[in-house]
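One chain, chain A, links the two complexes that follow: it is found with chain B in the first and with chain C in the second.
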Partner chain A sequence: MRRSGYIIEYALSSLLRRWKKNVALLIIYSAVVAFFASVLFFTSALREQSRLVLDPLPELWIQKLSGGRLAPVANALADSLRHIRGVRKVEPRVWGYYYDSPTGAVFTLIGSDSLFTDLPLQLAEGAGRLDNNGALCGRGFLLSHGLIPGDQINLLDNKGKMHSFVIRGAFTSESDLLTYDLIILAPKQARRILDLHETEATDIAVAVYNPDEAENIATKISRRFPGIRVISKSQLRITYEALFGWRGGIFIFGALISLLAFLILAWDRASGLSKQDQQELGILKGIGWDIGDVLALKFWEGIIIALTATLSGMLLAVMHIFLFNAVLIKPFFIGWSILFPPYKIPLYISIGDLLLVLVISVVPYLAATLLPAWKGAVTDPAEVMQNG
Partner chain B sequence: MLNDAWIIVVLIGQISALLLLALTLYFATPILRYWNPASGSALQLELERKTFFVSSAVEYILAFQAVIFVLFLIIVNHYLPRLINGAMCASGILSLNEYGYPALYGKIAALAAYLIFIFLNRLDLAEPAYPLTPTKYFLLPFLFWAALADTVLTVRFFSLINPDVIATCCSISFSAAKISVLSESPVTVSISALLIAYYILLVIYGYWGLKKKIAGLLLFLEFLLLPVSVFILKYHFVKYIYALPSHNCLFDLFFGRYYYIGYLLFGLLFISAMAVIGLFLLNRLKKRFTKDLKNIQQNLRVAAMGGNLLFAIIIHLYWFYWKWIIL
Partner chain C sequence: MANENIIRTDRLCKIFNPGAHNEVEAVLDVDLALPQASATLIKGPSGSGKTTLLTMLGCLAKPTSGQYTCLGEAVSHWPEKFLTRFRRRHIGIVFQNFNLISGLSVFENIALPLYPDGLPFATVKERVEQLARDLKMDHRLYFKVDTLSGGEMQRVAIARALVNQPQILIADEPTAHIDSTLAKEILELFHSLNKKGLTLLIASHDPLLETHPMIDRTYCMRDGRLREHHAE
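Coming up: the complex of A and B.
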């Protein structure tokens, strides 16, 4: 124990003595680790985010297909669904997209008469049910039009007729991922803008008592009613999780060459001992260090470098992802829509992530530098001293 | 699923370890062939230098594999169940294809093999005459092939996982728990018989352990005790840990909601088994050493008996808690 203590101390002092030689390696090493850690942290954070976002969704929703394309679904279907055992709540939903020609952006329009009290909402005046002239807006719409709650908005329906609404409230930035591009109108008005008939809805949300039974109920529904498509929350969740894992995987695959290049650099640096290094090893062996001691010294030097680089790389990655919102890799991971919300990524790192970064940074490095370290350790002291 | 970020990282680690092991084998082959301690030739000197590389490399590999093993557990027990429909823990994931369980067991066996090599190596290096060289190097080809098989199994396992397939988790194995208890285990015995066998084995084991004689018998007892310990945990004590009478899937023990107790319990069993194997090897090779090994033997014996005893105490505490305090 005490012996390794001395060796660690010597390794530290010898690294500090030659710090100029190690700085370049450390910088590149940290950059490589930072890249891989960024990808891993970001995929985890996105997964966590999507899990939070998907959590409040209903277990199933049902769309009507005609000719393989989405069509409005009749409200009457909702009544039939209520009688299926295990179904807790059936709710026809009215929603769609609204193309806003002045900004060129596409907003999501939802028809609802309740006030979404579970989302942080900044209300303009006394709240109740959303009346026929009122609207609730996300920040994206307000910012792009330079509006504040209390102002008036104009929306065009399918026949080109204009309808005016008063903004009764706005969602605050905490729910940006959900509400940034949102406009909420009373169902009657939303149907008018979206060109839906009174007896029609966009789709039907189905909540069930036991989430574990959702898949069975979905199968039952799709067998009983022809011409519909049943989508389950778990399918969606798994698709998201797999998607992020897959995108992260592509990134890491693509970057494997850079890892290899770095390892060659590390190998090269470790094998190309300078005259000074050789002399140092020669002296150490001359005063009685054996090969095992020198290998231990090299091991601790490697560990110190690897851990320093790993820690600073992780730190860089955390700053990149959570402080600077993953500026460098975000566009490749998330959607391509025009008005994707500039949301903050919540801080989320698991033990698994940290272990992964450790494996990808320390393991290949130590494996690559062992042979050069051994080669240095077995040099003959007499030979080195004579040549020096 | 080879394109998943987590799986790629694990495979990178695994392949690094495998390459290092290949290099080690390359270094060890001349040692196996030409080692001659009586000679003072340049070749012998060179071989002696090479032994240093081999011992460092295997220690590195053990450390790598240990971390990779933990990651593998996290992946099959925590990460993949969120991606695969229907799987709730590693039981569902590992049975997705026929390579799952072999990959897990392969990793455990590989860890044990590295530990044995390192144990022998440490013993060997403590003696000036290297009494176990080159005998211990005969293990290395086996280590290499085991690691290669482990890597191939892991790659096959992960590459054949298809996220679209709905897994059947332990819901199948525990819904008919009462019936499947006996059909699953190789010997058809009732739980009470199993418990009695466990207690008898534990007593004999303790007796022989304290007698400090015949390490071979202790090894034999350990290999009886180990499966019986796992069985009584699976079919009797685990329900007191979960507080669910019908659930006897062992993988949930590794979850945070049970305070990761599985890592402790299986860690204790693993330590015991490794200590007994070490004790056995030490006894076998005793004559080759000049140094007194009483101290090491004592430590190994304490580890072997302590691990099994602690395991027994912990599971009985759970049982006691439910049986006498709650109910």
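Coming up: the complex of A and C.
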């Protein structure tokens, strides 16, 4: 134990004596680990994010297809769906996209009296929650138009007719992920803008009593009502996972190649032990250190470098992802958008991810430095006497 | 053990690249018998095989043939691991050019041979400080060795060789890189250590050593062969 303590102490002092070289090595090593860990943490955080977003959604929703395209669904279908065994709640939804030509952005328009009413709102002076001529807006819409609650907005229907609404309230930044690009109108007004008849909805949300039965109920609905598409939450989850997994896979592949390149560099550096390194190992052997002692020294040097770089890299990755919102890699994962919600990525790191980074970073580096160190360790101690 | 031969060799040979076109017979048929607390000088021109002989006697290298018995143990063909341990416990070596590790302090350089044994730090500190006092280096104990003079470096190298309390001290050209005043100082130091019972084996062609009173036998090495040298 004390022997290891002395050797660790010597390894530390040995690294400090060559601090310039080792600092440069640590910077490169940490950067490579940070890149790899960023991708891993970000992919996991996105998966977690999608899980959190999907969790509160209904298990199923029903869309009508007409000629392979989405078409409005009749409200009457909701009544039929209510009678299917296992269905808990059926809710026709009115929503669509609104292209805003002044900004070139596309907003999500929802017609609802009750949706998101529990989210924090900044209300206009004297305003109630929502009335027939009122609108609730997300921050993205307000910021892009320079509007505040109490101002008026004009929206065009598909015939080009303008409809004016007063902004009764604005969603606050806490709900940006859900509301940033949102405009909520009374259902009747939303139908006018989206060109939906009173008897039609965009789709129908279906909640079931037993989520495990959702797929069976989906199959039952599909068979009973031809021409409709049933989307289940589990399908959506698989799609998200596949999307993030695929993009993450490309990046992890790139990061692994960087790590491999670094390890080849480390191998190259370690295998060509400098004259000074060889001289020092020779002296240590000459004064009574055996091969095991010298290898232990090199092992501890490697562990200190690898752990410092790995921990720094992981810390940098955590800061990059969760403090700086993955500024360097986010666009590659979730796409570019004129008005993409600037949401904060939730802090989520799994033990599995940490272990994976640790193993992939530390083990190959140790192998890449220890194997060549063996060459130095078996230096003939007599050489130190001969070379004086 | 008082009058026994602490070092004994029988037809010791060291041949580099045996059988190859560049074969070198560095040491040939050396017979040596050195009693405890003796002070032996091996002189001879450069390339005569002095250093190679010392590497074998210092258990740094194995002989190609012949027998080497040190402190009663036939060590000639021991595996390196055991040879290293034996060397660490019983033999101190002062190399040419000091061979200190730059960037480390005097204390660290002296303490290095003790690390593999994992002695308590209090023991390490006590031994290093005692040696530093004996060698008049205590005022420089925490200086980096790079800042020392040649004489001070040599004293650190000697302290490092003595820190494991060896019975044998082997020194290769200990006065080669220091001026004559310092050389005399170092020889006085060796003399005092020898008087305390340390067996000394020194390779050198410095005339100062040849005439020094502590030297009780001198050997001359030439072309790998050792002959006892008798003063005229």
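As a working rule, the second predicted complex is superposed on the first by the 375 of 388 C-alpha atoms of A that agree within 3 Å, B and C clash if a C-alpha of one lies under 4 Å from a C-alpha of the other, contacts with A are read in each partner's own complex, and residues count from 1 in each chain.
In this text, a contact is a pair of C-beta atoms (placed from the backbone, for glycine too) under 8 Å apart; a residue touches a chain by one contact, two chains touch by 3 or more.
None of these values were measured; they are calculated from a predicted model.
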item	value
Partner chain(s) touched by A:L356 [first = chain B, second = chain C, both, neither]	first
First (chain B), second (chain C), both or neither touched by A:A377	first
Superposition-derived comparison: chain B or chain C, residues of chain A touched	B
First (chain B), second (chain C), both or neither touched by A:Y6	second
Which superposed partner A:G286 touches (first chain B, second chain C, both, neither)	second
Partner chain(s) touched by A:R17 [first = chain B, second = chain C, both, neither]	second
Residues of chain A at both interfaces, chain B in one complex, chain C in the other	291-292
Interfacial residue positions of chain A with respect to chain C in the complex	1-7, 10, 13, 17, 280, 283-293, 380-382, 384-386, 388
Partner chain B, residues of chain A touching it in the complex	36, 39-40, 43, 215, 234-235, 238, 241-242, 245-246, 248-253, 256, 259, 291-292, 295, 299, 351-352, 355-356, 358-360, 363-364, 366-367, 370-371, 374, 377-378
Chain A contact footprint on chain C (complex, rising order)	51-52, 54-55, 58, 60-61, 80-81, 84-85, 87-88, 93, 95-97, 99-104, 108, 112-121, 160-161, 164, 172-173
Chain B residues within the chain A interface of the complex	1-10, 12-13, 16-17, 19-20, 23, 49, 52-53, 56-57, 60, 64, 67-68, 70-71, 74-75, 78-79, 82-85, 125, 163, 166
